[in-house]
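Quick notes on the structure that follows.
A, B, C, D, E, F and G are the chain letters, set down in written order, and residue numbers restart from 1 in every chain.
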Amino acid sequence: MNGSDRQAYDRGVSVFSPDGRLYQVEYAREAVRNGTAVVGVRGADGVVLAADARTPSPLLVDGSVEKLHDVDGRLGAATAGHVADGRRVVDFARRRAQTERLRYDQPVGVEPLATAVADHVQEATQAGGTRPFGAGLLVAGVDGNARAAGTGERPRLFEVDPSGSPSEWHATAIGGGADAAREHLEREYDPDVGPLGARNLALGALAATIDADGFAPSDVAVAVADADGYRSLDAGERASALDEAGVRAS
Amino acid sequence: MNGSDRQAYDRGVSVFSPDGRLYQVEYAREAVRNGTAVVGVRGADGVVLAADARTPSPLLVDGSVEKLHDVDGRLGAATAGHVADGRRVVDFARRRAQTERLRYDQPVGVEPLATAVADHVQEATQAGGTRPFGAGLLVAGVDGNARAAGTGERPRLFEVDPSGSPSEWHATAIGGGADAAREHLEREYDPDVGPLGARNLALGALAATIDADGFAPSDVAVAVADADGYRSLDAGERASALDEAGVRAS
Amino acid sequence: MNGSDRQAYDRGVSVFSPDGRLYQVEYAREAVRNGTAVVGVRGADGVVLAADARTPSPLLVDGSVEKLHDVDGRLGAATAGHVADGRRVVDFARRRAQTERLRYDQPVGVEPLATAVADHVQEATQAGGTRPFGAGLLVAGVDGNARAAGTGERPRLFEVDPSGSPSEWHATAIGGGADAAREHLEREYDPDVGPLGARNLALGALAATIDADGFAPSDVAVAVADADGYRSLDAGERASALDEAGVRAS
Amino acid sequence: MNGSDRQAYDRGVSVFSPDGRLYQVEYAREAVRNGTAVVGVRGADGVVLAADARTPSPLLVDGSVEKLHDVDGRLGAATAGHVADGRRVVDFARRRAQTERLRYDQPVGVEPLATAVADHVQEATQAGGTRPFGAGLLVAGVDGNARAAGTGERPRLFEVDPSGSPSEWHATAIGGGADAAREHLEREYDPDVGPLGARNLALGALAATIDADGFAPSDVAVAVADADGYRSLDAGERASALDEAGVRAS
Amino acid sequence: MNGSDRQAYDRGVSVFSPDGRLYQVEYAREAVRNGTAVVGVRGADGVVLAADARTPSPLLVDGSVEKLHDVDGRLGAATAGHVADGRRVVDFARRRAQTERLRYDQPVGVEPLATAVADHVQEATQAGGTRPFGAGLLVAGVDGNARAAGTGERPRLFEVDPSGSPSEWHATAIGGGADAAREHLEREYDPDVGPLGARNLALGALAATIDADGFAPSDVAVAVADADGYRSLDAGERASALDEAGVRAS
Amino acid sequence: MNGSDRQAYDRGVSVFSPDGRLYQVEYAREAVRNGTAVVGVRGADGVVLAADARTPSPLLVDGSVEKLHDVDGRLGAATAGHVADGRRVVDFARRRAQTERLRYDQPVGVEPLATAVADHVQEATQAGGTRPFGAGLLVAGVDGNARAAGTGERPRLFEVDPSGSPSEWHATAIGGGADAAREHLEREYDPDVGPLGARNLALGALAATIDADGFAPSDVAVAVADADGYRSLDAGERASALDEAGVRAS
Amino acid sequence: MNGSDRQAYDRGVSVFSPDGRLYQVEYAREAVRNGTAVVGVRGADGVVLAADARTPSPLLVDGSVEKLHDVDGRLGAATAGHVADGRRVVDFARRRAQTERLRYDQPVGVEPLATAVADHVQEATQAGGTRPFGAGLLVAGVDGNARAAGTGERPRLFEVDPSGSPSEWHATAIGGGADAAREHLEREYDPDVGPLGARNLALGALAATIDADGFAPSDVAVAVADADGYRSLDAGERASALDEAGVRAS
């Protein structure tokens, strides 16, 4: 369809175009691509999340605009796209996890959480009176009995896109430059990768999304969700990780 | 009607065109055709569902974007079209089946479930403030007393399209390439087909929807709903099935 | 009014045109004409309903897309037009009949049911946030005390059109080709017609709506509502009926 | 105002045109004129209602599309215009009369009923989300203590138009050809007219609305609301009445 | 502003034009001018209301379309403009007066009633989903303790216009020809005018609004609100009044 | 922005223009300028409010269209712009003052009242389904313990504009000609001005808004809010005040 | 995108443009830039807020249009942009802080408050029926146990922009000229700056936003949030502060 024909269908959330597309959802995906990248890599024991956290001003406090989020226990999330929308989606995930904990006295599973978030996101694409969320989400975590750590842990990584469709990945990236990051991951991924390899892989993929030759420690956020819980790397750990991954800015 | 005249009627869910058509529903059908195909074949003892499950990336976990869904007991469903919409329709089917079970302490019948889903889908085509679901559904299952297996089982296969109209089929296909698949089914269908024949037929029809010469085991999803319940084939079973059907990619 | 002037008034359910017409209701009537025909004939003892039930594919289960519906006891209905809308209207009729039964412990009368359905259909033409139902309905049944069969039965046949206006008929047809069918009925109708004659008349009128020289037994649905209840003819009975009516496809 | 200027104001119920008119209400009046005529004549002892009840098909049951309605006790109504809308307005009148009876154990008066209906009709011209009713109404009845018949009866005749404005008449007509009927009534009306004279006057006025030289008995509906209640004339009575009024079709 | 520019702002109740005007309210005022005139004159002891009550047909019952309304006790109202809207505003005034009486066991004052009506009318100019009332209102009455007649009575006359703005007048007119009537009143008004003089003044002003040389008694409605209550003049009194005022049609 | 570009943004309350403006609010301010002026001057002991109260007709009762309003105790308000809107805003202020009194048994402060009114006005600029109020408000009063008069009184004067923004003034004017009045005030204001000086200053500023050489006593409204309460000047006092201020029409 | 293409997407809050942008949010940011500047600087012991508080008229009471707001205990806020919107956002913050205090008997933390405000602001960008808030906010305060002052205080400074995205800053500025102010801050900021240095830095940055060579004491508002609470500087303190910062107007 040409531009003026397309305009007839792309300004209302609730209508299909003649070729069966929902343009508003596609534009919300564009909003995700307008953000900086986040990467997720599932290793044998846990999931590593890494985010391009460069800030436009040195006056911004490091980590001020969070892209990686502690959701609940051994569950974390990474967001890309329209920042305020991403925060709302993460808030939904947190409330949902808390509800589950209060009701059943156990943590929510990674997949149930991802699909609950996806349902919430889908509703914004069909119900009147709202627009889609302009944010994508990676949900990472480890399933298994939290009260009996060590038994049956299983790391999992899900993506929820602005259409409200969940999908499970070995490793993936969303946001600006995600294509380059995914190419890197497809080339290098090994399902049996250990914690260190997963971190290197994630940071290598993240480096593929930028023009510079690498990151300073304050330019990235890195977190790990494994049997011990969800944990962010501090500045020192980030520096070592960038060195090990060979993507520390010179 | 020409394009500019049609535009006068096709952007609002709630209006008929002068020729008595609901364009938004027709565009939602187009969304179904934009998805990959799913096939259902009713044999003498059960219903086989098969789906084109090829993923765009090797990093996606196999079966991540589910096209075949375990609904309840001996009931399953296959979806084609807008993925997030399909998930919502399946969720509705599941909740409905659970409600029935809780209320009457017995499984919901295949036809009652299909018509309940169809009513839900129709509402989205008439009520204000929403758009049609851009997904088609095959509902497959076996009726009869689940607590007295072997007595009176009757396999049934229904389609629910985006207009909210249910229809019962011996065998059918929806999604991209469905016309080619239905031609294959019309040519080869035999109502007395056994489990094996139904599977071969379903995979043969599915192969007719793609350009390639066949599928790898990870490219398809296959499930059977019969008196023993709803069951997905694992990778090994899928490999054998593709071999037997003669549509394994070389 | 010419086309472009008419467009000013025909896209909103809630507005009259300067010549006092509701175009959306007229377009919904067009949706009824887009469907295949159904015929109703009131005989001395009961009402015969007949429907063009040809299916687009041999894979569709016979009778899958129901055009004749068992409503309650000695009440049935036939629908033409947008299939999903027709089902919703019949559902309304069924719920209404059940409510009446539960409340008063007796079957609802044919006329009260038809007018209740008509009210429901009219609301969709005046209230905001919805469109008219794109389906027409024939309501057929026998009044009288169901618990004292044989006393005071009175067969009745009503039409409810998309405007929500009910009307009572000796015999009528709606859907594609209904004009030809009604001409046939006007020519041949006899109020004292017996069960057999009513059936022949209905099938003859139905045959007038199609180009072919007759129907195969699987191409039609036939039902009778009389003092014994509502009953559909099986395949064998349909074959004999078509033979007797002289409209069996050669 | 010319056509294109008028279009700027006539498609929304809730807006006035610059010359202070509500076009949607005027178009709804046009819908009344599109219907066939009904006539009301108040005599000394009661009110006669007469309607052009010709049907488009001999297959329609006589009296199927009711234009005269038994409302409650000694109260009746006649409707002209959009049939489905007219039925809804009459339903409102009936419910209102029943409520009054239940609450106060006595029949509602003619004027209170007419004004209650008018309020209901006005609301549809001002509140959002609905369109005006495309039907006009004559409300006819006899006031006085129903339990002490013969004391203080007073026949009254009201019109409610689509604007929701009630007015009381000695005699009037609404619907197609109403102007001709009213001319007839103005020429011939006598307030002391007895039952027979009122009937003749009503049928004479009705005959003025059609091109033919008179009516067959099945072409008209006639009813009388007097101290004895509301009563419709049967076919034989209608034949005599047409003869006496000199407007029976030859 | 020229016409096409004005159209950009005059079709939505809720928007101001760039020059700070609410066009819909101005058009509703035009609807008032489209009606026939009503006049109010406050004399020393009471308020006289007079209305042009000419009817378009001799078949209309005299006083059928009421323009003067008994509101409550010593309170009356006159309406001009869109008849159905005027009735709704008067209904509001009556309900309000009753509520006051029930709550405080005393009649509502003239000013509190007029401002309550004005608030109700203003809401229709600002809230979404409705249009302004196309009717103007004169509220007339006598304040003071109704249970101690003769002490402190004070006649008052208020106008409520379609904007919902109340104003108090010695004498005024609204509706068609109101300008001419007000000119007459400005020329002739005397605040100490007695009952007879007030009546003459009101009828003289009313006569200024029409082309004819005077009114027949059935052409006008006249009412007085004074310490004795609200009372309409009967036909004989109206004849004398017209004679005395010198405006009886010859 | 030129006119046609501006039209794209100025008809919906809820949207910003590309240059970050809310045109509807600006047009509502224009509605304030369309009204006649009101002036407020805060003196050492109280606040004087003065309004241009000229009426278009001698038949209007003096003070009929109130521009100065007694709100509660020692609180008053002046309104300019769309009269009906101004009354609603004052009603809100009164209800709010009463609520405060009932809840805490003490008068509401001037500033809390002004900000509560401002919040109410702001809501009408952001919430859907309504338009801004086309009226500006001056809120005048004296804070301090009303039950211990003489201790800590502090006169205050606030303006609330159609955007819902409150501001405190030593002296100001709103409505038609407000610029000229404010120039007069800036030239002449003295914070230690006594009651008489404040009155002279207010009337002088008011005179600057009109073309005539002064006011008749019936042309103005003047009120004072001080420790003794809120009080309007009667006709005699107004005559003296105009004389003293040197702005009595010759 | 060029202007006319952009207009297709920028008038509805709920839609994305094809390039994934929310134009209404961007226009709301423009509304912030249309206001005068506010600056926040976090020092070692507290946060300094400074605002350009110049008023357009000498008749406005100093500090009348508040730009710095006492929120609760040791929490303050600064607003820039559409004044009425800013007040509503601050009101929300105050209510939220009070709720927290009532529920948990302790002050709300700076970050929880900023994110709660951000959520509220984001909702206005996605839900139907409202527009974004045209105001930006700086939230400043000191965390720690208020009942055990001196232990663990930690000054923090957050910005909430019209998209509803919160961010933490060492120092920042919003409103007109914010770019120049931020350049000043980036050049001069030192995290260990003491109270005096922070004040000088804030006023210096503020001076960079205006054309004049400095401020008069009445032209600025300055406040400090530290362990002792939130406190505004009086006129004398402001004079000294401007002198010390070297930005007092000569």
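In the analysis below, a contact is a pair of C-beta atoms (placed from the backbone, for glycine too) under 8 Å apart; a residue touches a chain by one contact, two chains touch by 3 or more.
The model shown is predicted, which means the values in this text are computed figures rather than measured ones.
**Student:** How many steps does it take, at the fewest, to get from chain C to chain F if each step moves to a chain that touches the one before?
**Tutor:** Minimum number of steps from chain C to chain F: 3.
**Student:** If you check the contacts of chain C and chain E, which chains show up for both?
**Tutor:** Joint contacts, listed by label: D.
**Student:** Figure out the least number of contact steps between chain B and chain E, where 1 means they touch directly.
**Tutor:** 3
**Student:** Find the geometric centre of each of chain B and chain C from their Cα atoms only, then give the gap between the two centres in Å, rounded to an integer.
**Tutor:** Measuring from centre to centre gives 30 Å for this pair.
**Student:** Nearest whole angstrom, what separates the Cα centre of chain B from the Cα centre of chain G?
**Tutor:** Taking the mean C-alpha position of each chain, the two centres sit 55 Å apart.
**Student:** So the centre of each chain is just the mean of its C-alpha atoms; given that, what is the distance between chain B and chain F in Å?
**Tutor:** 69
**Student:** Using the touch definition from the top, which residues of chain B touch two or more other chains?
**Tutor:** Only 12-13, 128-129 qualify.
**Student:** Could you give the sequence of chains met when travelling the ring from chain B by way of chain C?
**Tutor:** Following the ring from chain B in the direction of chain C gives B, C, D, E, F, G, A.
**Student:** Can you check the complex and tell me which residues of chain B touch chain C?
**Tutor:** Of all residues in chain B, those touching chain C are 5, 8-9, 12-22, 115, 118-119, 121-122, 125-129, 163-172, 182, 185-186, 189.
**Student:** Which of the residues in chain E come into contact with chain D in the complex?
**Tutor:** Touching chain D from chain E are residues 3, 7, 10-13, 23-24, 27-34, 57-61, 64-65, 81-85, 87-88, 91, 124, 128-134.
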